[in-house]
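Next up: some structures, all given as structure tokens.
Note that chain A is present in both complexes that follow, paired respectively with chain B and with chain C.
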Partner chain A sequence: MSGLAIGIVVLNVVLALLFSLGAAPILVWIERRVAGLIQDRLGPNRCHIAGVRLGGLVQSLADMLKLFFKEDFRANAIREKFLFSFAPVIVFVSAFLSFMVMPFADDIYVGSERFIMQGLPIDLGVLWFLALAGLSVYGIMIGGWASRNKYALLGAMRSGAQVISYEAAMGLSLISVLLCYPSVQLGDIVRAQGELLGGVLPAWGIFLQPLAALIFIVTAFAEANRTPFDLAEGESEIVGGFHTEYGAMRFGLFFVGEYVAMSASSALIVTLFFGGFQLPYLDTQTLHVKMPLILGALVFLVPLGSFSFIRWMRKHNRWRVQNDPRSRESAWLTKVIVGLNVVFLLGAGYGLIVGLSSFSTQFVTALLQVATFAFKLLAMNFVFVWVRWTLPRFRYDQLQMLGWKVLMPLALVNIVVTASVIVLKGA
Partner chain B sequence: MGVKIVQRHGKTLREKLYLPAIFGGMKTTLRHFTANLSDTPQIKTFSYPEEQPQDITERYRGVHRLTKREDGSVRCVACFMCATACPAECIFIEAQEREDGVDEKMPRRFDIDLLECVFCGACVEACPCDAIRMDSGIFSFIGKKREDFIQTKEQLLAREAKENR
Partner chain C sequence: MNDLLFFLLSFFALFGAFGMIVLHQPVHSALSLIVTLLALAGLFALLNASFLFAVQIIVYAGAILTLFIFIIMFLNVKESNLPKEPNKTLYLFLGGIVLIPLNLLVLRAFYAMPLLREPLAEDFGEIQPLGAALFTKWLLPFELISLLLLVALIGAVVFARKDEV
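For the complex of A and B:
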């Protein structure tokens, strides 16, 4: 393996870590700030390191530190100490691993060697995700049972029943999606979505399979244990649900696992239904050919975007006390953004003047696609948060009713219709 | 007797679909989100320790104070009315004879345990001499030890009424 190849593999692993593990604190921040703004308040914005608040992002760091250094408490009544400690690990690891098959960009070719741009270079795709997403409920069940607490057990049972009823609809809705695409590998699915549908719409899954998209998104909410389906921890009825007895970093793992699972679900939704890393109307081939043009456009767009962001920040990021270190944050951040812009302009200018080699074209394309994927992932995560702060929790019988009597028949009908259309078109 | 027929909801197809209602709700929350994101200063939240609340009225029940006579001596006559009226039993009074002829009795000790106090204002209502008031406007009382929260007669006498803006 050449140094370049090793570099690409390392980049993939780092990106996978960044998108799943690194996403957790960012998602916690997004959740709290978005909740605040939706409810006409500010959310956490005071915590700072030497005056840098980053809009409150530092709060997540402080929370993490707090969870790490809290007393690791466990009730004496708990007999299965190993299972009790192991349950959060299952939840976290399964959520973490299910992210590993999401393609961040199109394949990169070094000579004749092909590199799949995902955390683990395997072709299992959707199957891997389904297998691991189903595993996380074991963590919740074991944790709730090992807690020796009635509320925890009730929460765990609810969660188990919920996952069984929603996994069925989820798998069935996926079948009709997979019928439309040639393979289960997510990279192939995304490549298929780069084409145009009748020359107008991009062939995204949501346009091909709107019903499957709806069913999958609803079941993904249930799978990630997010409101309106977070009955496993219905605090108004069963205290804290399955994590009643958990504290410190054991609870922290459950907590982070929830956000990683949410991020993984969003990644799969984006990959299957919103074109993954594809920029609309610009598939990988077009990007390769038109790279100088796109770079030229970016040279204008990036400084323009940065400028409007700086204006927005200067208007909003104010600290009323004069001698507080926090009052200097805006000036400091402005310098950082300007510096990043200069670096970007120098790099882009160099690329434009000297000209791009075949590999660097591929590399820049991959970077653009990673940025696209990250943006879509963030947008989908925002939808998760947005829904949480809009909809109230379902009642338990309504939840089961929706799963078995509505979503599952709809998914079955969708499969029959899709299959018939495909057979008729093929005939 | 008129009969009022309450219309039942949830039977039409539109309502059974849930989705229109869900999207309607999400539109509302998104409107709040974008409005607040594009103009954060319009949010009513204030940064508390730096910005103090401006709506503490004259009648606000803050931390207690003991009032004084014109000559500056304590107005309290140690009648125990406040301690009797107190539902939290947080007032401890020790009486002594008053030697200067202004009155017959005065408190030797007058302690209020603020950790017990529920700030109900029953002591102020009960006082026949207008000797105890809660018009200091102090809504946040900070101490590092439990003992810091037991307010003595001297501390209570030293406190002044909140100036009206």
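For the complex of A and C:
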């Protein structure tokens, strides 16, 4: 392997870690600030490191430290000590691993060697996600059972029944998507979504398979144990549900695992239905050909965007007490943004003047696509949070009714219709 | 590397199967069975059967065993209500001895099998060639098995339904 090849592999691993583990504090932050927005309050925004608050993002770090240094408490009644400690690990690891097959960008070629831009170079795609989504429920069930607590057991039972019933509808809704893009590999599915439908709409899954998209998004909410399907921890009925007995970092793993699972679900939704890493109307080929033009446009757009952001920040990000370090945050952030802009302009200018080699074109394309993917991922995560703070929880029988009597028949009808259309078009 | 993985996975498969029989608590037995199933999935992956690997985890470890554990936890049997198994070790030992001839038979059948000498196709075990083979060469057995599954499904619904209608 050459140096470039090793670099690409390392980049992939770092990206996978960033998108899954690094996403957890950001998602906690988004959750709290959006909750504040929806409930007409500010949310946490005062915690700071040497004056830097980043809009409250530092609070997530403080929370993580708190969970880390809390007393590692376990009730004496718990006999299954190993299983009790192992359960959060299952939840966390399976959520983390399910992120590993999401493609962040189109394949990169070094010479004739092909590099798949995802955490692990396996081509199981959707199947891998389904397998790990099925395994993660063991963590919740074992944890609830090992707690030796009626509330915890009830939460675990609810979660088990919920995941089993929604997995059926989820798998069935995926089949019609796989019929549309004849591959299980997520890279192929995203590449197919780069084309245009009738020259106008991008061929995203949501336009080709709106019903499957709806069913899949609903079942993904259920699989990630998010409101309106978070009966496993319905605090108004069963205290904390499966994690009633958990505290400190054992709870922390459940907590982070939930956010990583949510992010993985969003990543799969984005990949299957919202074009993944594809910029609309600009597929990889076009990006490669027009790279100098795009880079030239970015040289103007990025400083312009940064400038308006700095103006917005100077106006809104203030701290009224004069001598507090937090009052200097905006000035400090301005310097950072200006510095980043200078670095970007130097790099882009160098590329434009010297001319881009085949590899650097691919690399810049990949960066653009990673940025697109990250943006879509954040938008989808925002939808998850938005729904959580807007909709009330389902009643348990309504949840099962929705899964078996509404979503599953709809998914079956969708498969028959999709298959007939494909056969008729082929004939 | 492959050999090491093979031995590790086989160890876990045997260990899990053994644990399933020996352990007293039903939940522990079921969890032990999961270890076996996951190790088997790993063995499939080692043999380049990636589709079987995924299906093994999705269907057996992900769905069937979840239902097992769900039911066992749902019944929530108390320690005192579990059956006492006084001479368990002795019975296991005798049972093992009784099964030796059968094992020898299986071993002989295994060694009588012709060895595969040609290299396999490049895409062996992947989802596309597998699907093509199932729907062309093995279409009739495939359809018969799906019929059998349908019958079992309808049977389950008939048994589970109450007799009030």
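Assume the second predicted complex is superposed on the first by the 427 of 427 C-alpha atoms of A that agree within 3 Å, B and C clash if a C-alpha of one lies under 4 Å from a C-alpha of the other, contacts with A are read in each partner's own complex, and residues count from 1 in each chain.
One rule holds in what follows: a residue touches a chain if its C-beta (ideal position, glycine included) is under 8 Å from a C-beta of that chain, and two chains touch if they have at least 3 such contacts.
Given the structure is predicted, the values throughout are model-derived calculations rather than measurements.
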item	value
Comparison of chain B and chain C by chain A residues contacted	C
Touched partner set for A:Val177, first chain B, second chain C, both or neither	neither
Touched partner set for A:Ala23, first chain B, second chain C, both or neither	neither
First, second, both or neither for A:Leu279, with chain B first and chain C second	neither
Chain B versus chain C as contact partner of A:Gln39, first or second or both or neither	first
First (chain B), second (chain C), both or neither touched by A:Leu124	second
Contacts of A:Leu231 with chain B and chain C, given as first, second, both or neither	neither
Chain B residues within the chain A interface of the complex	22, 25-26, 28-30, 32-33, 36-37, 40-41, 43-45, 47, 50-51
In the complex with chain A, residue positions of chain C that touch it	27, 31, 34, 50-51, 53-55, 57-58, 61-63, 66-67, 69-70, 73-74, 76, 126-127
Contact footprint of chain B on chain A as seen in their complex	34, 37-42, 46, 316, 318, 320-321, 386-387, 389-391
Residues on chain A engaged by chain C in the complex (per definition of touch)	83, 122-124, 127-128, 130-135, 137-138, 141-142, 145, 153, 156-157, 160-161, 163-164, 167, 184
